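Following this line, the structures themselves.
Both of the next two complexes hold chain A, though its partner changes from chain B to chain C.
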Partner chain A sequence: MKLKTILMGTAVAGFGSVATAQEMANDMTLVSWGGAYQSSQQKAYAEPYMEMNPDVSITWDESSPEAVAKLRAMNEAGNVTWDLVDVVAADAIRLCDEGLAMEIDADEILAEGDDGSSAEDDFGDLLVSDCFIPQIVYSITAAYRPDRLPEGAPAPDSICALFDTETYPGKRALEQRPINNVEWALLCDGVAKDDIYDVLETEEGQDRAFAKLDTIKDDVIWWSAAAEPPQLLADGEIVMGSSYNGRWFSAIEEQDQPFEMLWDAQVFDLDGWIIPAGLPDDRLARVLDFVNFATDTQRLADQAAYISYGPARQSSAPLVGDHAELGIPMGPHMPTAPENSKNVFVYNYSWWADYRDDLDSKFQAWLAQ
Partner chain B sequence: MTDATADASLEEPIFDRGAPPIWSFTVPMTALFGAFFGFLVGNANGAPIPGVLGGAVYGAIVAIVAMTMLHDSRTAFRWGLIVLTAIAGFIFGSWGAALAGGIIGAVVSWWVYWIGRGDYRAGVPIYSTTGQTLWHNTYLFICGLIFFFLIAPIITIIPLSFNAQNYFTFTPEMLSLSPEGYSVKHYNDFFTNSDWQSAMWNSLKIAPMATILAVGFGTLAAIGLSQPHVPFRRAIMAVLISPMIVPLIISAAGMYFFYSRVNLQGTYLGVVLAHAALGIPFVIITVTATLVGFDRSLTRAAANLGADPVTTFARIQMPLILPGVISGGLFAFITSFDEVVVVLFVGSAQQKTLPWQMFIGLREQISPTILAVATILVAISIALLTTVELLRRRSERLRGLTPG
Partner chain C sequence: MSDATQDGPVLAADGRPLKASLRSALRRQKMRALLLIAPLLIFVLITFIAPIADMLFRSVENGIVSDTLPRTVVALDDWDYGSGEVPDEPVFEALFVDMYDASERKIHTRLGSRLNYEVTGVSSLFRQAGREMEDIGEIYEDQFDALDENWTQGEFWAQFMGDPDWYSEAAGAEDPGPTFVMKEGMDELLPLTAEAYQMFATFAQEEDEDNVATEDPWALVHARLYQDLTAGAGEGYDGFGAEELAAAREAVGDFESTTYKEAFLNVDEDWADLEIWGTIKAYSPNYTPGYFLKAVDAQLTPHGVEAQPDDQAVYVKLFGRTVWMSLTITFMTILLGYPVAFLLAQLPMRQSSMLMILVLLPFWTSLLVRTSAWKVLLQQQGVINDLLVWAGIINDAGRLVMINNQLGTIIAMTHILLPFMILPLYSVMATIPPTYVRAAKSLGATNVTAFRRVYFPQSVPGIGAGSILVFILAIGYYITPALVGGTDGIFISNRIAYHISSSLNWGLAAALGSILLAAVLILYWAYDRIVGIDNVKLG
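The block that comes next holds the complex of A and B.
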């Protein structure tokens, strides 16, 4: 373990100085999202790591929502205080492009899979950026209140229920950004799943998506924090809404809320670590040691015992067990479970990287109309 | 209204208007008032129109019974109505509805005598016109409304913090006042969760230190700046007070870049210094205000009796301006204790304070633990403000006793 760390430290740091175990810094600041997600990381990664390395102390900073802005400011002030930052894939791509995140070689710094596959193969397509170390697959998906549906209305089985205000009257909660919403709008306007990004590229296609959203605009409550939709649904303010599947899981299974998931056309997204660029050698050595441990097959599978997000390694899937407190099997609650992923929408990172600014401003203008 | 004066006999005072007419004034007014509560109750149960009608009938019956049969037994009637309405509420709903019924009974029975006996004219001179009376009561109503809007959001969080669920919702169990709807688990969470505890200790380590620095520097600055011979007094004062005037976000961003250069960013000392800078203006202002009432001849008298300046300050000046110093210190303490913008910039995760933790909690998981913390902070704030008020009274009393 130590020898491996030494090799990795030198290979990646590439400054010729030998980072040894003695030179590893003992304080680490990890940045994450807070809430149930961060506590799953604490339990699955940080606590076992600190057990193995009693000298290490880990501080958590719940700044992931503004990680991009803060890293820019830190970089300008010449004072990067973070060691490892949890971001969504899209943010990792931006940070990588701006040179704020360190480029990594997955095979060199990440552990091999338990089944012997190389890290590169084990993570596969999920390595969407040179700086990105994937942890989980999550999805943005819809949920509804069966007891709030009008009498005689069938239980919704399609994402288009969001747009069907006649059968399912009432407010809906959608995230206040174009991503997901425009895709769902086109999908429910009759565009085939494979053609959506082609259609969205054109001016008419974008107008078509906003025209579809227009039909429900008066019935939408826009959310910006993923904790809002479960709160609104519990209050009975909305009949259905979109949020992260882990939030719905927590509301349904841990808080006993009478919600049902609507997995249709769930949008997969990724979350993972990036290492800020330009860390001093001793801190970098410690972070690399931690990342190697925290993203191995067993640790990623362990995390699934605390939250219903799918591990990013293929080799972790067979190891996913039961919920740590409720004891229910977690497999069926994963967005990647076969019965949940009958109809999955895969979010196109590179497309959004090109069109995001444009569509964001269009969306804001449309909201203000 | 005015026809009541027509049959007043000559022995009675000429301006006594007597009670307002029952049928053309008291009964409709009370019915209207009842209809308002009926609307609230009906709306909560999904039937606003029947609620309005029921409320109007309730108000009218109350007015007729109170004015024609029980005009002089106000207390008995009020208690009777409270109990009756509460029982009706209990039959209709449960303990929650009984409580609501009791409140409605109390308010409506107060209203019927207030209207029916002409008490609403008590605050205005006897010769005022209908318009003046109406305005006087509208004015009182607006004042009440302002208080309500200021205080209602703060009051609402207190019962919600005892919610048994993890949501900011008045559950049906809470509304029916059943014990299952309430729990202290969010308070438990606050006192056992290591995140909240470390945030609380950080706040308790940062705020007093920042307060001590702010009080020390602020008091010295105020005393210095009150000496007439100090040059550029106004300019210095303006600079010292600027943290209070400049938008916080600008101070925070500026401090962030400056403190990063001098290696104070992300340190305990950095946060303390930043908070002290924010607290100093409050101390300067309160101490300067107290110094206005300070009699300078006392220092000269002390010097005349052989005291050196330090002794004079400690024995004569300080005790007299102490109330100003303490209230300035309390403001500095609350500023640091409540502050979230500057600490987000200047602090790092090791200096996570209570408001910072609340900010995270509100964004990431809308957990009622925040409400429990807020309730505790409200209690602390009330205690601190009470202290300030008591000190102010003491200082007033002292000043009253000071000769000259």
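The block that comes next holds the complex of A and C.
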């Protein structure tokens, strides 16, 4: 097996030290999302790696939002110029299905946890696809502005406040896609959390979700970029909205916006790496060496110093420290913190892989009505 | 002319007939012109026309089903969806072989995603089935192994199936070794096994770059060997492994076995779903109208073409909206652009160049900046609403909704596309001699009449050019509608972008794009017939 020899090369090299047994390319193109997230990766993974390997140069490409399409186009053209691509879990599943991402064996290519647990155990359920190397847990969660609530209204403590336009009049911002919204709709329509996907599988269940969304349709501003809701909330355009928890964190802590988080029924989602399929040996060797380093326990914990996303390894959680600039402890801002994750919704990837096309066309038709 | 009195053709100075001489001169000129534009022409063909044609071709291309499941597609020929019965064992057997090969090549999930556009749930059905194929094959592999360990040895199989000359060369060779050659007569002796082994050998050499001489074969080969032997094949063989084969022939009668249909139903009972089979059959040809049907809210189902249910029909509506809003935007730019262009053409040089800069400045500004600026202006807590509330025209509760709807899209896009109307209008108006209007007036026309009957008709080519530019740009816009359009202000291009970059349904995106392109070409043609494209002046 070709892969195995490479892996042994990496294993011999161990963490950090430059592998000499296997020829490695010195240039690497990493693809990520840009902004604060990419700079957290640069500081936590790339800079220490380049310090240890001074010959290596890393090019960043901010193409993750279009990664799926671009990777397919590159693959068809037979010229994949990317070495490592940061994508959300749902895209990783799609890329894996399309044969555009390389299948990996977590125990073989990823480092063991600091506590000695195998990579597979350490990442646990987060290995949602055969091609996916998880990095962070983020969540889609709600936030509101206490100063814009009507007089006497209690501070919202449930996600269903989104659907309660009587107590909390005003616009709310939701993501323009069915995922998350239909689950929240059913949850607030009285469906038990564990039954949601069973209900959604039926025609009546889907109608029920859209009927619930209908009740707030006129009050919703649909967003497609996660930066929009914090902006809308800051402008006073909306009273509450959903976005990534890291966006809310940076608005609240870094920009001193008067927002409050509404952690109830936050939806966990994952982001991580995939390795494009069909890389030449020397580039693959370099990428595997980098990935092994960049996803070890310490590196994942380090990233949390720059952005409020939870490390995907269980063994990283105790190592999460303070924010690099603000100096505040990051632990309580993680979506995975016990205080925040009292009521968490776990999003079912394989279910959505099947139903995404169908529900999306229904959602679009519903929007257009 | 004395020539006119002569008989015969007119001759040129060199004695050739003038007609021929002229023609060849003309041809030379044409050739030279063609050569001059050749670099650009080739560049445009390679970088623009060819990729577009290739992309549009995807709207009908559908080879993926018959490429991934070739045997199943053939086996399904005899099956009729109308019979109401799930296909029989031969189809499942073919599916097993195809699926085994596809899952080794990791292409089964790609087909799963493709068919998932048509039937919800196929994606995971295929993903799951791919994982189980090996288990089905292993039922037989384990039993052959228990019978004689040779049956799971790569070297044994290579000598059993391979040509002796090939084997002597391949044994000990470095990976991937010489191309596998089947022993003569093997495909008649054990037809199914030979086919499966050939599939394995091809895969091992081409994809994995392993040497077939030492590589252990797939479990599929054992399943096929069982099939061959129970059918009575393998008689009278006396080459390498004849003893083992004879023993196996004796033993297979007692082997534990399963039908493939049962095996698939064990994996997932959805394999007994008629819709799945009907869809595979309906999409098995290499070309499909399926994407185009989807693009007009219909669907190719096993029952034939059906209209999409109301709660999923969206594209026709979006096409209509896109055309209607583009026309509105074009009209708005004429309304706003005409006076500006008129002023530009009339004002003295100094003032008109100032005004020109004012027109061009936003033109040079980033599209995103201008769109975001409109957000700041138009939103409910935005500048315009604040001003209106401050002036007491509206009260605080009655702030106007001017963004995240059609109005927002129309306002923002009118502003963004305005220069594309003003510039061609101006270039036409600048060439209208002022003396004409003066002459009309001196003949007694009023200002209005002189404008209406003399000036305006001469500026129509500018309107035509501007309208074509603005309309064609507007119909393909998607960033601005996505940002300020909300739900009812988005265009068909937003869906095309979604299918290209997110759902990866490029076939549907290509079909939607083709329809859009056809609509623009038809409108262009209609314009040419009514106004005449020669009347358009772009500068």
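What we mean here is this: the second predicted complex is superposed on the first by the 347 of 369 C-alpha atoms of A that agree within 3 Å, B and C clash if a C-alpha of one lies under 4 Å from a C-alpha of the other, contacts with A are read in each partner's own complex, and residues count from 1 in each chain.
One rule holds in what follows: a residue touches a chain if its C-beta (ideal position, glycine included) is under 8 Å from a C-beta of that chain, and two chains touch if they have at least 3 such contacts.
What you see is a predicted model, and the numbers here were worked out from it, not measured in a lab.
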* To do: Would you mind checking whether chain B and chain C clash or fit side by side on chain A after the superposition?
  => clash
* Could you say whether A:Ala227 touches chain B, chain C, both of them, or neither, answering first, second, both or neither? => first
* Asked: Touch check for A:Trp184: first (chain B), second (chain C), both, or neither?
  -> neither
* Between chain B (first) and chain C (second), which does A:Asn79 come into contact with in this model arrangement: first, second, both, or neither? -> first
* chain B versus chain C as contact partner of A:Glu62, first or second or both or neither -> first
* Asked: Touching A:Tyr144 in the superposition: chain B (first), chain C (second), both, neither?
  -> neither
* Structure fact -> Chosen between chain B and chain C, the partner touching more chain A residues is C
* Is A:Gly34 contacted by the first partner chain B, the second partner chain C, both or neither? -> first
* Asked: Does the superposition put A:Ala353 against chain B (first), chain C (second), both, or neither?
  -> second
* So, does A:Tyr197 touch the first partner chain B, the second partner chain C, both, or neither? -> neither
* **Partner chain in contact with A:Asp97 - chain B first, chain C second, else both or neither** => second
* Please write out, lowest number first, the residues of chain A touched by both chain B and chain C across the two complexes. => 65, 235
* Asked: How about chain B: which of its residues touch chain A in the complex?
  -> 165-169, 256-257, 260-261, 265-266, 348-350, 352, 360-361, 363-366
* Asked: How about chain A: which of its residues touch chain B in the complex?
  -> 29, 31, 33-36, 59-63, 65, 73, 76-79, 81, 225, 227-228, 230-231, 234-235, 255
* Structure fact -> Note: in the complex, chain C contacts chain A through residues 106-107, 109-110, 112-113, 116-117, 120-124, 127, 208-209, 310-314, 317-318, 379-382, 404, 482, 486-488, 495, 500-506
* Residue ranges of chain A touching chain C (in the complex, touch as defined) -> 2, 65-66, 68-69, 72, 94, 96-99, 103, 171, 176, 207, 210, 221-222, 224, 235-237, 350, 353-358, 360-362, 364-368
